[in-house]
Amino acid sequence: MKKFSVPALLTILAAGTVVAAHFELIDLYVQTVIMFIGVNIILSSSFNIINGYMGEFACGHAGFMAVGAYVTSVLNIMFFTSSKTFGDPIFSPELALWFFPVTMILGGIAAAVTGLLVALPSFKTRDDYLAIISLAANFIIVSLFINMDSVGGARGFMGMKQIIFAMEDVAFIPWMLIWTFTFTYATVFVIRRFVSSTYGKGIIAIHQDEIAAEIMSVNTNKMKLVAFMLSSGLAGIAGGLFAHILGYINPNSFNILKSTECLVMVYLGGMGSLSGSVIAAIIFTLLIEGLRFIIPAMDTLIHFIPLVPDTFHLSQVLKWVIIPLILVILMQFRPEGIMGNRELADFFPKLKRYYEFK
Amino acid sequence: MFDSIIQNLFNALQWGSFYSLIALGYTLVYGVLRLINFAHGDIFMVGAYIAYFIAIFILKEATGLSGVATLAMVIPLTMILTAMCGVALERIAYRPLRRKGANRLYVVITALMCGLILENGNLAFLGASRKSFPELLDKVVYNFGMISMTNLKIWVILSSIIVYIALNAIISKTKIGMAMRGISYDKFAIPLMGIPIDTIIVVTFILGSALAGLAGILFAMSYPILDPFMGALIGWKAFIAAVVGGIGDIKGAFVGGFLLGIVEILVVAVFPSTFRDLIAFSILLIILVIKPTGLFGVAKSTKI
Amino acid sequence: MSLLKIKGLTQQFGGLTAVSDFSTEFQGNELMGLIGPNGAGKTTVFNIVSGFYKPTQGKILFEEKPINGLKPHRVTAMGIARTFQNIRLWHDMSLLDNILISQHYNLGYNLFDLFVRNRRYVENEKRMRNIAMQLLEQLDLVQFMEEKPKNLPYGIQRKIEIARALSVKPSLLLLDEPAAGLNSSDVQELIKLIGWIHKEFKIAIWMIEHQMAVVMSLCSWIQVIDFGQTIAEGTPEQIQNNPSVIKAYLGDDQI
């Protein structure tokens, strides 16, 4: 019973959402927010492998996301749609549905290979120097896409909606929602299995004492390679989903600000806490979307104060003042993030009776 | 051909001066606290805005004052106010965390967040309209054959060199400078020697932020359009320059800044300008892979 | 066949010669000591043998196979385990995890097995857990199984570090100052423990130690180095009476 409680709960949640979406009980905006939560969960939990469990300070996660987004989108458009850049479809568009996971994983693999850009230097260096290498990698990847005219350059790349339409032609159900749930669950399970195994705990050993890890037969270079490639590969999958949810990507949507968002989610949730990452991703996404409505409300509110001039308006930019401010304040009171390095079950030991998650 | 190389090199020196000035601030703070002060680029932006408001204020209140006289008032005032801004950041955001013994990375994230607050707060409250900085210095162009230099560019380069020399003197000659160097070796021994650690940190932030303020003035005078995000990219880049030079070492930051300036200008001279970041960062990445501690950085040996 | 054979080992750091022309040999399961004043190069010898430094010159053969230049994790997998002068445990993980992670040399499954959680994964995890539990029982550490090392007394931490080293089933155990920082009753415990390990596990032990009580009561053969040079070797009695050893430790000023 314990073994099935979590999967059952997750399936019910996913199925409920999909059914509700199919019968238009929840509108497109809410669906998009739910999908963004999924993407952010993948991003934060995969980034946690490096910055939390392994204790490195990488800050270029969005670069790998970009690689995944572009590779998946280009493959899908090349294979299944007719476009100006890539000509007629190579395969029949109906196949798009069945090959969607394949192209997603190919995008992930491409991102994982790009992860070598940071993984290989990490053998020799760590800490702040590695931070810079990852930062530079992020810049390099983004400006590489800006200079690639075949994928639209700085103007961006679009046409992914065609893929969604092709999938919906096969069966008219909210496919992206299904894919997002699938890949989000898969990511969390993969990471959970990885870090709870003796193999994966090797990266925690590297975090706590790299020299001890090396002497106690942990192949530290191999572990770093695995960790970086896993992390960037999953980021690539998040990128692929992101591209298809929006239907449009632009190199600048994967710049340092996006990487900063990933950092925020990891440290908000707590280094080395998977449930923390998931919770932080949910809170963060809801916060960003919620502020969209709260800020205009605040604007109306402050205009009741006679001192405020009528010409002054609170803009949506304020979102990016409020969120960092919340984080700065949170850090003052809880400098280890929401969960620290503990998991949900450590906080509520009684929960252990009802589920087993591995 | 030769002329154009010299011309480009001159422009590169001027461009590199900005990176150097900002990189020095990064490196000072890093050297003392082991903290990547990600808000530093935005302190630079704040410096430019402070300079703008002071200049506008002086020009409006004291009509008839010459540009140079205004500048003579703007520079010290801006440096002082920017330094206060940097110290405030330290007091409000970093110090409480340090006191609590939080993980170093959380302080870095706090710095990153403070940077975002400064950028977006500026955009939200001052509006998106770009400010154009008044011309304070009459432009004089010197021509040597095909090479043209403006007085402003020469001043920019000169001031970065003067700052470096002065900073070097402070670090190696004064008592507080020695304490700053001492902290980077052993932060527990310094308080035992009777040197208050917080004083040193405050002085570090004053120096670093004042330099960012100076860079802000010079930048605003050279490229007189101000926008809230002007500090973000240049800050990230200056930080990378500091690391390539060997972070924590002021010579490294100085040279790293100029190196990045030269690489960027030369790339633009040869390739389309969109390739600037791509090639400049690739070169820096290669340098770091070959020499992981930067050009002047010393490898910290881990004791086994 | 000899277990470990070191010949003409020299290590230079820049202009400094930390170890010069060091040689030694383990035939079977001896218990040998390496002593010398601070900074004599003892730990450097251990660092070279365990693979952290690549020696400037010299040969190291372990079970007749050359091991110089191998990465530390490979050396450990071949059967040389070590402890550190300043305890290097993974302080934020449970004691059980500390032992489990040390099984990385013989995981028996790969990443794919891990992700699909197949039988190979489950069985190997169980096997490693059994190894760890058996070791903890042998060393009487079971009651601390779920504790984090940082919360345990120093003497226990030492014992845990030795236990962790033993978990890779070494045929040679290098102990770098195991008695450092222990009080006298802990030292007595430690002497008993090392003697017991030596008999029970039938492995060779090579230790660096400053406390003569430990060295003299345990080691059958002792080497003394000073400024990287081997200045004496012999049985404990021979070493105790060797004039150059006394000179190295006490200086040659005649009172």
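By written order: A, B and C. Residues from 1 in each chain.
Everything below uses one rule, namely that contacts are C-beta pairs under 8 Å (C-beta built on N, C-alpha and C of every residue); 3 or more make two chains touch, one makes a residue touch a chain.
Since the model is a prediction, treat every value here as computed from it, not as a measurement.
Using mean Cα coordinates as chain centres, the one most removed from subunit B is C.
The interface with the largest number of contacting C-beta pairs joins chains A-B.
With centres taken as mean CA coordinates, the chain nearest to the overall protein centre is A. Centroids built from CA atoms put subunit B at 33 Å from subunit A. Note: centroid distance subunit A to subunit C, computed from Cα atoms, is 44 Å.
Taking each chain's centre as the average of its CA atoms, subunit B and subunit C sit 49 Å apart. Within subunit B, residues 304 each touch two or more of the remaining chains.
Counting partner chains per residue, subunit C shows two or more touched chains at residues 52, 84.
Annotation for subunit A: residues 211 touch two or more other chains.
Subunit C meets subunit A in the complex at residues 50, 52, 71-73, 76-77, 81-82, 84, 88-93, 97, 100-105, 107, 109, 111, 114-115, 117, 121, 125, 128, 164-165, 168.
Only residues 51, 57, 117, 120-121, 124-125, 128-129, 131-133, 135-137, 139-140, 142-144, 146-147, 153-154, 211, 256, 260, 263-264, 267, 271, 314-315, 317-321, 323-325, 327-328, 331-332, 335-337 of subunit A touch subunit B when the two sit together in their complex. Those residues of subunit A that touch subunit C in the complex are listed here as 190, 193-194, 197-202, 204-205, 208-209, 211-221, 226, 341, 358. On the subunit B side of its complex with subunit A, the touching residues are 30, 36, 93, 96-97, 100, 102-103, 105-106, 108-110, 112-114, 116-117, 119-121, 123-124, 232, 236, 239-240, 243-244, 247, 274-278, 281-282, 284-285, 288-289, 292-294, 302, 304.
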